[in-house]
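Letters A, B and C mark the chains in the order given here, with residues in each chain numbered from 1 onward.
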Amino acid sequence: MIRLLNRQGVSVFAVVSAMLFCCNSTQASSTSEWTAPDQEAAKEFAALPVELIVNIKDESPYERSLRLLDQGLSIKDMPSHYFLLDSPIIKKQEDRYGPVRFMHAKHARLVRDCAVCHHYRPEDPAVKEINRCSACHQDAFDPRVVDRTGLKAAYHLQCMECHREMAKGPLSCTGCHDKKIPDHVKLIKLVDKPEPSQVTEECLRCHENQGRDMLKTAHWLWRGPSTHTVGRSKEIEIGKGTIAFNNY
Amino acid sequence: MKLNRRNFFKLAGVAGAGALATGAKTAEAWESKAPKDPFGCLVDLSRCVGCRKCEQGCNEVNKLLPPERPFVDMLLLNEKRRPDANSYTVVNRYFTGKSDEQDHLLPTYVKIQCMHCQDPACVSACLVGALTKKESGAVHYDVSKCIGCRYCMVACPFEIPAYEYFDPLTPRVRKCTFCFERIEKEGGVPACAAICPVEAITFGKRSSLLDQARTRMKKDPARYIDHIYGEHEVGGTSWLYLSDVEFNKVDFQDLPSEPIPKLPETIQHSLFSYLWSPIALFGVLSVVMANAKSKKNKEDES
Amino acid sequence: MSHSPSATHSKFFTPGVWVMLVFMFIGAVAVAARFTWGIGSVTNLDNSHPWGLWIGIDVATGVALAAGGFTTSFLAHIIGRHHYEVIVRPAILTAMLGYTFVVLGLLVDIGRTWAIWKPIFSWNTNSALFEVAMCVLVYLHVLYFEFAPTVGEGIGGRVKTLVTAVTDKIMWIFIILGVVLSCMHQSSLGTLMLIAPTKLHPLWYTPLLPLLFLTSAIAVGFPMVVFETTLVSSSLKLDSEMKILTPLTRITIFILGLYMVLKVGDLVYRDVLGYLLDGSTQSNSFLVELGFGVILPWLLLITPGVRKSRGMLFFTCCLIVGGVVLNRINVFLVGYHSPYAQTSYFPAIGEIVVTAGLIAALMFLYRLAVTFLPVLSASKQEVSS
């Protein structure tokens, strides 16, 4: 790290962080200008409170599949192609990862059998045949429904077991989730008008390993020309690995 | 004076005999002191994905020191770890030969923590009562009473209590607290159970967990082996385990179903309740001593 | 033999005493390290091996070997075999110093040394250790009381009169109390390990353990007296006390025999003889304990020639003492099996030097006491003999 700091007294990290901030700001400004309508709808849907269905019909998965087939339910009956798995039920206990973007239609087309996921129907005949996950799976360890997992476990068990069986789809945490990145505005402690090296030092306070890794990448070791990036071609002709300062 | 003393000896002898009688009567059968309706946790090894989030949640809630290697470092699973003074729970990985259709070996992950026995050996052992079994099921450690003798560590059949060996004056015994402050609140859940992404840890009343375990085994008999670890082991534990592999393959011990404190407590109480035996012995010895003395006095006189 | 006890006033600073002082100094350094950097810094103890040499030797063995105190005072004072009285004082001195060092050893071993008083107010009567702690605490003071007249006599004058006045009338209570308390905690020391049925090797884990501890403690009482009397009379060039020691060990035949029968009978009854020859450290250690610590000395003791020969008797008693020492080490250390330990326990240098330092300090104080206080009754040997 010392090497990183000393080298020419300027920092690569400042660039990275500047880029990060830059991205954030463009993102922020872009959301105010334009939003994906299905994302907004999904957000609203995810936040809707759901009443718990306590009693379910006792039937085998096979019976269930057959009955859904008999009713002629198909992909066309899907109310939504896209869900954001971002329930307040889960966030109540733990909130470490970002929401999961779930391509409902894609999964439905691959699996074809609705009963694989929508594995039980409510006992009450007045309730509709197929319900969202959180209609049955809510809080973990709810004494009203002792044999039923909570929503978080229901998602993980259903998704991961199927992904494993099919040898398809992500199994790691960040395969589905964005890691919830804490608000860095609150974490970063810098003096007014910091030197670039101070910025680097501050980043390294938490991201020491990343700093070490950075020193081994082409971003740091590049010795070839770097004048081809439009708008960033500040006459660095023989690469950062030789003489370059930060390419602001 | 001499007469008085003789009288006292007689009295002592009678008292001793009396104590003997009461002692014999009070040495009744040992009774379990287990709470009637404790909480527990059911760990389903077939569900655990080895993410070590329980370790992380435990560390944060109990305000333990940050670990040397971060919780996302899965290389730690290459070694077998034990809970220690700074980690109340650890997850170990085993390859037991179980494999999937593509012949990939499948891991089994085992979370280890205090089992919170129904009749804990450590509680029976602790001479100052620093360890207690709460009604909630938690085996609670009160540092203000502890003298640091480590007898609890000798007693624990699961080898759970850990010790701060490098603290010169105020070392503590460290072990899972069952998040007793959380679970004793309405709706409270232990940190590990709350954070577990797959509900490999189910929290609830122990009786209900046993039912749930049986339901799961009945629903999917091919998935589970027919044994709820902790149902009977050492008289029952608040933490229970369900598994898809034989327990002895993943370092669980075969333990007797007798509560561990039963034998030593039975011995202690049948010998020493109301101090009957020491009093009786004292009485008998006083009589013997007085007799010997009077005999000697007579000899001296003659 | 009819001499009344007197101070030996031998030369004090012999080379042996200097060696003890060196051991005491090294031990003190290790103790200082323990109180600076913690128990972990000087011991090999870990979460799998919470008890080590300090508990096995300093405490468990210390208590067992101090059994000479209550066994001799029972013999001489309670059942009135007054001719044995000459060995009571040295035995009480050993016991008093022994228990003092048990407590000192504990103070080093327990993590929260300053909290040692807590069991007095915070009771768990289910715990065998609680009983041991209480008994040791009370018995230590009983021993101080029993030894007080010796100190009073040593100082002489008004102190002697005062001490005699206080102790004379009530001494009998303390003598009996000493026996009662000893029986209680000698046996409860055996109960201690009954809390670990899955950890203690089946050769030693038996419900009879308390009884075995008690009988072995009683059995080692007189041999210990022989052991130290022989050592002391050799070291201080005193007359040998064989006239007392030979009949004393006849009693040991019965008690050691009883211990042997109980121990072997227990093995047979529990059907664990199979463990005896499996070649493990545990089974070998058990065989040595039983063979060389119990059976061999018993066979020697029943031979009258052995009892009359000073050298053979000393050797036999060494075997018995060694057998009991090994038994305590076996129960607390060798036979203790941790289910998850990756390494096995062997005491660290730090533990050994603390234990050695404590033993040296005990011997040092013993010599100091017999030199300046009326403890020993044997007269000085003539220089020519």
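Some notes on this structure:
As a working rule, a contact is a pair of C-beta atoms (placed from the backbone, for glycine too) under 8 Å apart; a residue touches a chain by one contact, two chains touch by 3 or more.
These figures come from a predicted structure and were not determined experimentally.
For chain C, the chain with the farthest CA centroid is A.
By number of C-beta pairs in contact, chains B-C lead all other pairings. Of all chains shown, B has the CA centroid lying nearest to the centroid of every protein CA atom. Here the spacing of chain A and chain C, counted between their Cα centres, is 69 Å. If you average the Cα atoms of chain B and of chain C, the two centres end up 32 Å apart. Taking each chain's centre as the average of its CA atoms, chain A and chain B sit 42 Å apart.
The touching residues of chain B, when paired with chain C in their complex, are 80, 82, 84-85, 121, 124-130, 145-151, 153-155, 157-159, 161-171, 251, 253, 255-256, 260-261, 263-265, 267-269, 271-272, 277-278, 281-282, 285-286, 288-289, 292-293, 295-296. On the side of chain B, the complex with chain A involves touching residues 47, 49, 51, 57, 100, 102, 189, 193-199, 202-204, 208, 211-212, 215-216.
Taken together, the chain A residues at the contact with chain B in this complex read 93-94, 140-141, 143, 146-147, 149-150, 152-153, 156-157, 160, 164, 167, 173.
Considering their complex, residues 34-41, 43, 45-48, 50-51, 74, 77-80, 82, 109-116, 118-119, 122-131, 133, 172, 175-177, 179-181, 183-184, 187-188, 191-199, 207, 210, 336, 338-340, 342 of chain C touch chain B.
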